[in-house]
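Same chain, two partners: subunit A is paired with subunit B first, then with subunit C.
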Partner chain A sequence: MDCMVTGGHVKVLATAIHSLSRIGEDLYLQPQEDELALRTVNSSHSAYACFLFSPPFFQQYSSCKSPTFHCKMAIKCVQAVFRSLSSLEKMVERCRIQLNSEKSRLTFTLHCKHGLLKTHNLSIQDCESLQAVFNKESCANVLRAQPRLLVETVLHFPTSVEEVSVSVSSERVCFRNHVEEEAEQSKAVLTELSLSAKEFEQFTVGCPGRVTFCLKEMRGLLMFAESSGLPVSLHFDEPGRPVILSLTESVLEVNFVLATLSEDSHLCNHFNNSTECHQNPALLPDDFMNDDIDSYLIAMETSELASGGSGCPPTLPRKASMGQLRARASSEGEEEEEEEEEEMRRPPNEKFRSLFFGSMLPTSSQATNQTLRTQEVLASDSENEEEDSSF
Partner chain B sequence: MKFRAKMVDVGCLNHFTRVVNTISKLTKTCTLRLTTDNLFFMLSDKVANGGVSMWCELSQANFFDEFQLEGVSAEANEIYLELQPEYMSRALKTAQNAKSLKIKLTKKHCPCLTVAAELPSVSSVSRLVTHDIPVDVIPRRLWQDFKEPSVPDFDVSIYLPPLKTMKNVVDRMKNLSNQLVVEANRNGEMNLKIETDLVSVSTHFKDLGNPTWSDDASQGQSQGRAPEAMAHARVDIKKLQQLLAGQQVNPSKAMCNIVNKRMLHFILLHEDVSLQYFIPQWPEKRILGYKTPEKHLNSGSVGRKP
Partner chain C sequence: MPLSTQSEAGDERYVLVASLDNVRNLSNILKAITFKDHALFNATPNGLKVTVEDSKCLQANAFIQAEIFQEFTIQEDSVSFQVNLTVLLDCLTIFGGSTTPGVTTALRMCYNGYGYPLTLFLEEGGVVTVCKINTEEPEDPIDFEFCSTNVTNKVILQSDSLREAFSELDMTSEILQITMSPSQPYFRLSTFGNSGNAHYDYPKDSDMMELFQCTKTQTNRYKMSLLKPSTKALALSCKVSVRTDTRGFLSLQYLVRNDDGQICFVEYYCCPDEEVEEE
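Entry: the complex of A and B
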């Protein structure tokens, strides 16, 4: 493979790499005659991302001699080639990518201003092809919007929020953070954002309902979408079926496939007002009379009257919980860094259904979103075969 | 118990957000007291907080267009809540250009302070965002723990130099020591000092002016002092830095009362907000522990031992 990327397209490529690096650790490269595919999958196989660049994206593009060639490399190394996105735009004029399959080497040559030449030689590994099985067309719900809208939506959630639930009705869509445990609900802030269908370029809802998926990968896609300014489509239907976020342009196609929480875990996590949102999404409870918390008050006041000198049960737990909160807060401060690191390593929620990835022989027409109905066993890429045989 | 307030002015919203941000920089949890006229953010003197206490008072009429409150009873028409100001600060941050903002007490899965904002959108229909912030309702029996602190019987009261200047000085001193001595006299002079085994640094301010307090009682000690006699307090530099770093509301008046070897009492006044902050004297024991040179010896010998 030998290709040349010039001008603004260098930044597009670089942003794509950065966006992929938010998801997986390995970058899967597959140069084909009609497109260059960059793919990745996260460690728990609950998220898959794919960028397809067609030959006109490049100033010059020639694929491999062998049409079935694929390889992978650590994404961090590729990211290092395009370290600073802002300086890249100013400094780099052209980027040449050459593949030497005999030497297992991928070479990035950055032609910078003032005749400066930066060459990065990365070693590559042979691997099976990585392919998620999904079908955008079969999804009953399609929402398409300018990236700005979704970026602004995501901004309402602090970075500590891992999962978001999206519920749709015929007129509105509602994003809310997903809180796992019953116990955590009393500590976590619940944020809910309701958007009108009118804000979307396309708003097709065939199956009103709610799906829950990880926000991290969506942030990754939005990073790319925001920089490219391309509208983002959200394809989904029922819980447990993947959400597909996609971007399409004449020379570029991007698909992010994210697992969603399955129906049964949704049911466990139902709490009183969780369905309220899509039943009545347009209404903010505005009436003053409904906002009261009289029952809490009654509990407390009676305890005060009844207790006198004796023990007063409702207040003791309160004190205890406050103490716990403080203890938690102080220990959090100290261990924050460790925890963060741990979280990075920890694979996303086990409850997410893994996507099915085919380890398959590449066919001549390998459409990305081709569903493999004929193939019964869909194993992941060869390296993780044993681990993932249960899927 | 009911509470609902509405804000439509962007200026008020920004101002309120800055106040809450300031509070969230000072403490992880605090008590919000709501009365028909005022909002109070309070932190009472607890060892867990390093003995720091805070009292911030805002007049609701200057912020809210609607303010409805039904307290515990007619004679105790107030509500006390414990909350994490950080949550509130985050919620307000996402509502920065809201067309209107509502704050109300709601009963969700637990008692919540709900911040609901109507945000502008590209279409004719607004975006609606709500944040349910969990709170603890404080029963009336415990209200007595939260009383407005009285102005201590200080030795010297002095106006502070611009807080930004002070912040720059304290930020640099923080790299050298974890204790700071603030001293001032009735001649308008104030010094910020650090003293360690290796270095002593002090920054001198003069012509700051001393506020005159009409209340004679609190000036008992102050009156008898010679103008040039310094009163000082040694405090945790981090606590002072927190106060200075968190200052997003530019106060029209900032002053400090020093109770010699006991505490610093800061008063920051804005036209509609007042913030009081108390930092106690660094406990003597810890000073001794800090000054022993063992620490240095130990760290030095680690390298030499085989």
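Entry: the complex of A and C
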């Protein structure tokens, strides 16, 4: 790979790196013929971020000889290349990125004012591709706004606030800091901001309700959005299903996929009401459970199938997906029960489920199962080479 | 000036009296060499030289010429004493070291001779603080024998450009390698850290390069931990002269302009870390 970034695009690239560094520790780089992908995932695999730069973003772009080349490196090392975002615009005239796969080295050359040349040779590691599979179009709720609006909204939450709940109705959206149920309500500080639909460029609510997700990653995206001035779209529907924050421009696409909290309050109410759970019993095959697949993903599929793929009508039971699974596990008394119970004992903030699961790949080999075929993989992290070779 | 009338009667018994209208002209430059507690003060009729050393490998000197002081009276050819620099700086900034324009702390610094404390009279807004700092036995500073006739390579750069490089240096690298050469890469700073290596190249015809006198290609490594304190001087300075001698010793001279536009110098000497194999 050999590419050149010039002028203001250097800052865009640098801001993207800084934005990704808010999420994960490794930067996954995949130079392809039609785009350069920079991705990361957080340590608990509950947040995934991806920047796709198309060739016109670069003054010059040539991808790798091998179209399937992937590599990763510590993101803070790349961040060090673009340490000062403020001076970057003034100082750096162009940036060349070269990949030497034989030497496992990625070279950033910054051509700065006054002839100063900065060369950073970073060591890279081979890795499998990191790719989350998600579908923004299937989300019932889409809110699009100028970054300023969201930045100013988030500004009201102190940095100690980890999670934010977003509830939407047809006219309003409300941002509120999430207070764990165990926490003493009387001592907790509640901050709530209500925004009118008029403030948004797009305000489509097909599935009114509330989702809770981590603020930290959203701040990371907003940092980039604010700097680039591009409108931010929020795609989401029911609790437990991911929220997707995205920015799109002709030469650039940004997607942040964040896990949302499953709603335990709903769980309690519906725990014994297993009718919903048995709505589609065939859709929850036992080998699925053995596969330790993140339960909400299964439920996501079941609900989609239940709704006949027609999006997410409000009539659809919006109850927390995990509840369905747990109810099922306990009612059938299977050996997964223990596992499920263990999950229930976890502190609430760990309920952001992984967006990735290594065991997803075998699904292709088990394609005889109809459910598995229809199962949409939200994200796959094919670190396991053995599984990969089974293709 | 309440200070000047107050202690005039006893001035004759002091071997050294130095007065400043703005104490920042002294405290700022002392901050540029604060990396160890003990500082050797040597006063001559030309002015004040303050020396700080580390590990017998690094020496920093700050020169404050007699002209910087509103009053500089010395009874002997040379007066030396050692004090705790951190304590001295605490005293000099005892009024908070305000940077508000028009608000300055005045200083009168007196020394009575061997065995006596260093006495500071500080005044701001009519409030006077008197500080007495015990002096220590002065130790002889190391002579780095860095002599301008042995200088192989020398560049003078505007500090701005070097400041940026130093602020971005990979601190996971144990050493900073400096290459100076009459041919490419002319002047190069390199680090070798956990994540890989990085090079900063300054061409000899850069606007930032005020002087380029390199006669022989030289590559030397210096301990990052030793050089790190020099960034304080770099931050204050407007120009820096980088020199290496035949032995690979490094001299960094910083030209510092104070609040009143006067010029002072800070100088760092550093031993090379190890011999680099010729490539």
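Following the convention adopted for this analysis, the second predicted complex is superposed on the first by the 269 of 391 C-alpha atoms of A that agree within 3 Å, B and C clash if a C-alpha of one lies under 4 Å from a C-alpha of the other, contacts with A are read in each partner's own complex, and residues count from 1 in each chain.
One rule holds in what follows: a residue touches a chain if its C-beta (ideal position, glycine included) is under 8 Å from a C-beta of that chain, and two chains touch if they have at least 3 such contacts.
It should be emphasised that the depicted structure is a prediction, and the values quoted were computed from it without experimental measurement.
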item: Touched partner set for A:156, first subunit B, second subunit C, both or neither; value: first
item: Which superposed partner A:105 touches (first subunit B, second subunit C, both, neither); value: second
item: Touched partner set for A:65, first subunit B, second subunit C, both or neither; value: neither
item: Which partner, subunit B or subunit C, touches more subunit A residues; value: B
item: Touched partner set for A:198, first subunit B, second subunit C, both or neither; value: first
item: Touched partner set for A:90, first subunit B, second subunit C, both or neither; value: neither
item: Contacts of A:77 with subunit B and subunit C, given as first, second, both or neither; value: second
item: Partner chain in contact with A:187 - subunit B first, subunit C second, else both or neither; value: first
item: Residue ranges of subunit A touching subunit B (in the complex, touch as defined); value: 149, 155-156, 158, 185-196, 198-199, 271-273, 284-286, 288, 291-297, 300-301, 303-304, 312, 314-315, 318, 321-322, 325-326, 329-330
item: Complex contact set, residues of subunit C against subunit A; value: 161, 164-165, 167-168, 170, 194-203, 205-208
item: Subunit A-touching residues of subunit B, taken from the complex the two chains share; value: 1-4, 28-29, 48, 68, 70, 72, 82, 87, 90-91, 94, 102, 104-112, 116, 121-134, 136-137, 139-142
item: In the complex with subunit C, residue positions of subunit A that touch it; value: 73-74, 76-77, 80-81, 83-84, 87, 91, 105, 114-123
